[in-house]
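Structures for review follow.
In the two complexes that follow, chain A is the common piece, with chain B as its partner first and chain C second.
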Partner chain A sequence: MTEKLEGMSPRSQENSPRTSDLSPVTHHPSLKLAVYWTGSCGGCDVSFLELGAALLDVLSKVEIVFWPALVDAKRADVEALPAGAIDVALINGTLRTEENREMAELLREKSKLIVAYGACAHLGGIPGLANLSQREEILAAVFGDGFRPTPPPGGSPEDAPPELLAAALPLSAAVRVDYVVPGCPPPPGLISRTFDALLGELPPTGHVFASEKALCEECPRTKEDRRLTKVVRPHELLPDPEKCLLDQGMICLGPVTRGGCDAACPKAGMPCTGCLGPTPNAGDQGLAMLSALASLVRAGEEGEAAFASEDKVLDAIVDPVGTFHKYALPATWKVPSSLRGGGSGRGGRP
Partner chain B sequence: MFVCHCGKNIAGTVDVARVSEALARHPGVVYATHHEYMCSEPGQELLRRAIREHRLTGAVVAACSPSMHETTFRRAAASAGLNPYLVEIANIREQCSWVHEGPAATDKAIRVARTMVEKVKGNHPLTPVEVGHAEKCLVVGGGIAGIQAALDVADAGFEVLLVEKSPTIGGRMAQLSETFPTLDCSQCILTPKMVEAAHHPRIRLLTYSEVEEVSGFIGNYHVRIRKKPTYVNPDRCNLCGECAKVCPIRVPSEFDCGLSERAAIYIPFPQAVPSSYTLDEGSCLGLVPLRCGECAKVCEPRAIDFDMHEELLEEDVGAIILATGYELYPKEAMAEYGHGTVPDVIDGLQFERILSASGPTRGEVRRPSDGRVPKEVVFIQCSGSRDPELHKPYCSKICCMYTAKHALLFRHAVPDGKAYVFYIDIRAGGKGYEEFVNRAMEEEGILYLRGKVAKVFRDGDKVMVWGVDTLTGKRVEVAADLVVLAQAVVPTTGAPELARKLRAAVDAHGFLQEAHPKLRPLEALTGGIFLAGAAHAPKDIPEAVAQGSGAAAKAVAILSAPVLTHSPEVAEVDEALCSGCRICAPQCPYTAITVDEVAHVNEILCEGCGTCVAACPSGAMTMRNLSDVQVQSMIRAALSEVPEPAEVKGG
Partner chain C sequence: MKKIAIDPITRLEGHGKILLYLDEEGGLKGAVLQVPELRGFERFCRGRRAEEMPQITERICGVCPEAHHLASAKALDAAYGAEVPRAARLQRELFYNTYIFSDHLLHLVFLGGPDLLLPKDTPKSERNVVGVLQAWPELGKEVVTVRARAQRVLELIGGKAIHPVFALPGGVAKPLAKKDQEEIQGHAQVMVKLSQRMVAFFHEEMLPDPELQSLLLAEETRLPTHYLGTVDEEGAPNFYHGKVRAVSADGDELFQLDPVGAMARIAERAEPWTYVKFPYLKDIGWSGFEGGSRSGIYRVGPLARLNVAERMATPLAQEEFERFLDFFGERPVHATFAYHWARLAEMVQAAEAAAALAQDEGLTGADVRGRLGQPGEGIGAVEAARGTLFHHYRLNEEGLVEWVNLIVATTHNAAGIGLSVKQMAEAVVRQGNLDQELLNRVEMAFRAYDPCLACATHFLPGDTPLVVEIYDADGNPKHRIAR
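Up next is the complex of A and B:
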């Protein structure tokens, strides 16, 4: 865990945005805000709308300097800004291309605070599952063998599509991240908590805008029969509305995942898939869940005779990596050099 | 870093000087040495001196298993001013020198020692957990072992609850005729103890009672005891016996092993304690609604009370002694010996009742089928014992002796009778035992035949016994009048269930498991629970009495302690991180975890096994002095390469 948060660890003194002249919140009439997407589905950009009426209040207090989805500022406009001109840049999406990384580095230079917004920026996210395959394999599968990014007909070399990085990376692999707003996408409660902080009292660097405790704490379902005798997928069961989903055999990642969403999925009868990321001490989210499941599974006779039956229960888990590491694979799993292949880009974790 | 040679035990395989030299160069180690015997006084002094001179903040002794000398070295360190929990043992004997050879052993010893250095670096000074305790002892089982334990604890000044399942204390010993090798009358030497227990001011007798529930932990057990109604007020009952005479019911007597009958209202034997009749609800015609009531009509002292209710008692006790005794392996399990269907094939306890002056035949040897005096009696030893294929693999220990006694007493009772004893080996290890068996063999004219009996079956009014005398190689066939089977000793039926309630382990055969076969034979693995008598393993009377006294001494050590201490190296919850998901609680083999909003660890119950730590999904549960960070650096220390030896200067 400590290593995983390296990119978010307290900044060195000379880079601190809270020294000397700046105090973006109290001394400036409005917060200079940038929102950027790297390898992203767009959901994070839409998530701001979930604030509802409160969004109007937020908008009245910020000045949007750069937000490709919303305003017509270009990369060159950002490049023209002096260092530190942006108060806060919220970056969503995984880092997948050279351009993603360049933009992250550019925004880092121009911004006092960088916020990793959403599961992709936080942990690598669902696109991070691509790290199970080599970059070349991915390119070949999508574009055919021997594909190379080339400029469009008549274009100059710099018009070529950006090179793919060797692996999908969380934002912290490229730049220092000050805060994290987790979630896929971040739930409205956490978004407003974030703006409250950005427009008011700043928490210590490295803060994750979510609960320190696991989701179970805010889940209203009753936890009684702490045994896993079978594994079911969500479509296979109409769950009891009162009982813990894990007790009913659904692989719910609530116990290893930060709270903060008010247990939205479990309340709706769907197991938590872990989008808010691991609790501070859980370490590798997927491994922590596997370890817990190994403790919970009970089948067959007592003792060694049970092993085979218990294995059978766990064998019913379809797509273990996608289940246990749905969001955090790039943040927890160092891509082996054998998968990294040649070419440019920093593979795996820094 | 202190590396022990353990004579040749470690130094014969591991290059201890090299281990010491390599560890001296390990980051954080300021002092490294080796010594012939670290556990010796000079070895301990070496540790104490180094702590003082180098102001050590941690020490690792690379030696034998921590279960041997961890306490020794921690105590030595404490006397030199170092917190004992900053001392760790690197096991380079059991886990290294004894199981490896060649240079690889030295390489591993270095890794093991380094690993523990990394652990010590992350250790925090701790103080033992302290807790108060109840000053009362529960003894379960009122046989001779339980009685002795109860008397000894009570004599030491502590209250005792003596719980017995049957209506009287006395146990198996009360059923015996005479005891080997002295031929004392069993009841004559037992009943004074029973009376003493009954009248002891600090012993509370709870007969016809069973332990229903046990919770808590060493020093602080909470027990619930169910006392069944006897429907007879013992203070009023004058033992006139009129009730039993008018009772229309007759059922086999448990005390006489089915050789006689008793009424539904009965007293097991005249000297029973408490001295009172008991109405057995199970065999009575019916109490609700009352269907007979004849007994009450003739009871002059009006002792019978059909409205008596069962009582539930709740008590706090500091220690529990389990003395639940034994049963005999059922004859019905012996297909080769007639499945228990031949009336004149009986077991050893039945023969005790036949020999007993208070027994169904008033001490005359008569056989069950027709009451005739048997002339030819065959005694079969190891019936169900030492037979791993079909029955019990173990030796029941007491049978050689009681069979010799049986044969001898039979010859005394029937001087013209013939006694045959089939045996595998004679095991007579005990004071005066060998002499007793020799007397039976040589002076009493008992024919000992070395061999197993293949088959026993009924033939008219005889019982045919087919066997082999392995010393002569001849087949032996005896047309016997009576066959006595020395059935294997097995634990009482309810013992494993009771053990489960107490979280005390039982072995594969249901006998209670001791904490260490050599050094902790009186203790269960669960703290504060002690074992006495045949519930632990087959035992004769002197052994059961000795173990009863021993268990009492262990119990008194708890009851008399001003405060109990427990290792602080236990699991701990970070309440700021615990979500109360409850995954940990059912994993705990010691039921040390309770959960409300967050999980709580009972530090006295926790044995530090770490199961909950592995199960905790959010990392809120940690082990004191064995954090994830420590484990990670320990793994790194174990796996990183061992550097080449430094150049040796000089010669």
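Up next is the complex of A and C:
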């Protein structure tokens, strides 16, 4: 047998009161919290655990009303609540099915505040790349032609799996969103900031829990050249550990992406791909990056020569949509209403 | 007919609901595990840059992104014909064992744990991680802090703990710094310590519980199937590389092949009444949704890996493996709830393996990028926490993805999960009076597998499936998994 269990509580203490580690010294009125996933990967759900020991503190200050990944409350329990009974619902995932939208609407009705949590809810996220294809093409690629959701044998029509929406949508396309926590998934620092605010003083509506400045501002790499003469892909070059990745020819979205992750990817030797979304003044993140690249290429050249080198260098970029709109396609390219399923979406960005 | 819906099913990864159909007398007519979610990775991976695939496919699942990240990188190694330098391989393996530790720990305490760690009549509102933290505050606190250390290891190597960015075709992004190695060594030792405590806790506090004993040994939770998993040269489970071994329900070796060969032994069943293609062992063939040695249905994941293994790779895990075999007294072990115990034994191995890898001098080597050839086609496989994961890509000459096929852990298990849910539903319905506690037992049947429905639904094999229908002896549809 392995080592003894010193320090672990015996079974007789089951359901004993929380230790001081679990209950804060100052008792805060409990916040009624819901966490829900729509078309998501689950990464946003587990991101809360990245708080580590601080998670225990948060758990002691909130009452979890609904959170399918962790607690057993069911949809019917939420439906039974009066309007506004939940203080805050953190919703992650892209909107992909009718059921996703119904659940977003249900939680909007029952919650005082809705937070778009993570890149999918914020901008559509990586599953938003599906908007490059029509819904029918996606169904055909996955299931073969002619797929129709049908109920199980003996089941009634409402037992069929929900219809796909015509396109992947950010949360704000279906319901009013009060705050955004960006990132894929949100980095731990931003999560604690969010809980501090939710349990303390609320920022004005529309607040995005991340830096107002570009990622480059928090990146430790040194920027010198400010010129782009070639484009290299990450697997083609082992980058210099100290120098700016853009200076070395890698397409890093740092200049147009919000800070808040402590430049996680550039520090790991990889370019930023933009998961925290556009800086407040970048507008369309991908377009902003393209114009930033164009000026880096033209730097030091004039007239015809500038345009020629711009063409040459930028032509080397393959898959521009996947590169510049990896997380933000649904929020950037508004899906025409003719392509939307069901039709109650209101559209637009938070 | 009466319908009972468990919607959504909870404490798992991904969306699902269970529908139980009862006849007038209250007997079970059908049990459905339905997955109402689809994101379409099958389609939108096409056209992306190859080197982005480890980052894109990991968004299939945020609970096991590490598995997709490395299966993807290994498929790209093969597609570029690259030899991964030793330092890069060590980084990947250390990272990977740490992930297995962390993921298994998550399930043992946060997802599956509440069913086993709390009394079975615990009210629904307390049957969760908060309930566990209240009942076992010291253990809970330690688990949370040690898991944070493991996540820190993932971050030091992977750049980010959830959705890492470090793996590239032929290697990894950058060499590991000496000081990072030292920090990792400290974390890995604590991981081993916690594994030992979890083992002691299991034997002292959990296993003696008659409730758990009956879950482990009851006939309605026993499901004989074949098993598939990856082993090293000595026949011990290996999560990162090795040969894929299949063992029959009777315990005989069916094959032991590299991932390319193994993938060729798996066929996909298409039913005329559905769009589903369902994985089964080609040589045995398809005989409907049933277990047993004549059916081609097999299972993967912790229990399957222990069933295909001769031994464990590390000493403490080996001790636990022996206790596990003694308890069940049969091989293969067909008890579905043995998945939890197997998970524990694997968690120990992963922690010990991580601690050993963290000591390796080669870990900080500067050569982390293998030479890349022309892009082509490649298959990569790893053992994800939930079972064998295959990625198969075809790249064009620009290094863009042309075609993708994945077989994902939970997909291999979908038939087994369906059968287990049905077994449990039948047992529960026989007891009558379907209260919360009994309905939770139906959910416990799938939780044993720690299923990842996000993985299973967002990528079923090939250009695949959707509906699984299980017929009763009279050929009436009885059970259906749809997505």
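In the analysis below, the second predicted complex is superposed on the first by the 295 of 350 C-alpha atoms of A that agree within 3 Å, B and C clash if a C-alpha of one lies under 4 Å from a C-alpha of the other, contacts with A are read in each partner's own complex, and residues count from 1 in each chain.
Criterion: a contact is a pair of C-beta atoms (placed from the backbone, for glycine too) under 8 Å apart; a residue touches a chain by one contact, two chains touch by 3 or more.
Not measured: the values here are computed from a predicted model.
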| message | Please determine, from the superposition on chain A, whether chain B and chain C clash or fit. | response | fit
| Is A:291 contacted by the first partner chain B, the second partner chain C, both or neither? | first
| More residues of chain A in touch with chain C or with chain B? | C
| task | Could you say whether A:215 touches chain B, chain C, both of them, or neither, answering first, second, both or neither? | result | first
| message | For A:260 in the superposed arrangement: first (chain B), second (chain C), both or neither? | response | neither
| Which holds for A:182: it touches chain B only (first), chain C only (second), both, or neither? | neither
| said: Quick check on the superposed pair: does A:280 touch chain B, chain C, both, or neither? Answer first, second, both or neither. | reply: first
| message | Under the stated touch criterion, which partner chain does A:170 make contact with: chain B (first), chain C (second), both, or neither? | response | neither
| task | Give one of first, second, both or neither to describe whether A:44 is in contact with chain B, with chain C, with both, or with none. | result | second
| field | Minimal inter-chain CA distance - chain C and chain B, angstrom | value | 22
| query | Residues on chain A in contact with chain B in one complex and with chain C in the other? | reply | 1
| query | Along chain B, where are the residues that touch chain A in the complex? | reply | 574, 576-583, 585-587, 611, 614-620, 628
| Contacting residues of chain A [partner chain B, same complex] | 1, 212-217, 223, 226-227, 254-256, 259, 278-283, 288-289, 291-292, 294-296
| field | Complex interface listing, chain A residues touching chain C | value | 1-5, 7-11, 13-19, 21-22, 37, 39-47, 49-50, 52-53, 55-56, 59, 64, 68-76, 94, 96-97, 99, 125-127, 129-130, 132-133, 137-138, 141-144, 147, 149-150, 152-156, 159-162, 164, 168, 184-185, 187, 233-235, 238-239, 241, 261, 264-265, 267-270, 273, 318-319, 322-323, 326
| note | In the complex, chain C touches chain A at residues 1, 3, 6-15, 19, 21, 29-30, 32, 34-44, 47-52, 55-56, 58-63, 65, 106, 110-111, 119, 124-125, 127-130, 133-141, 144-145, 147-148, 151, 155, 158-163, 165-166, 168-170, 173-174, 196-197, 199-201, 203-205, 275, 316, 319, 368-369, 372, 398-400, 440, 452, 454, 460, 463-467, 469, 476-478, 480, 482-483
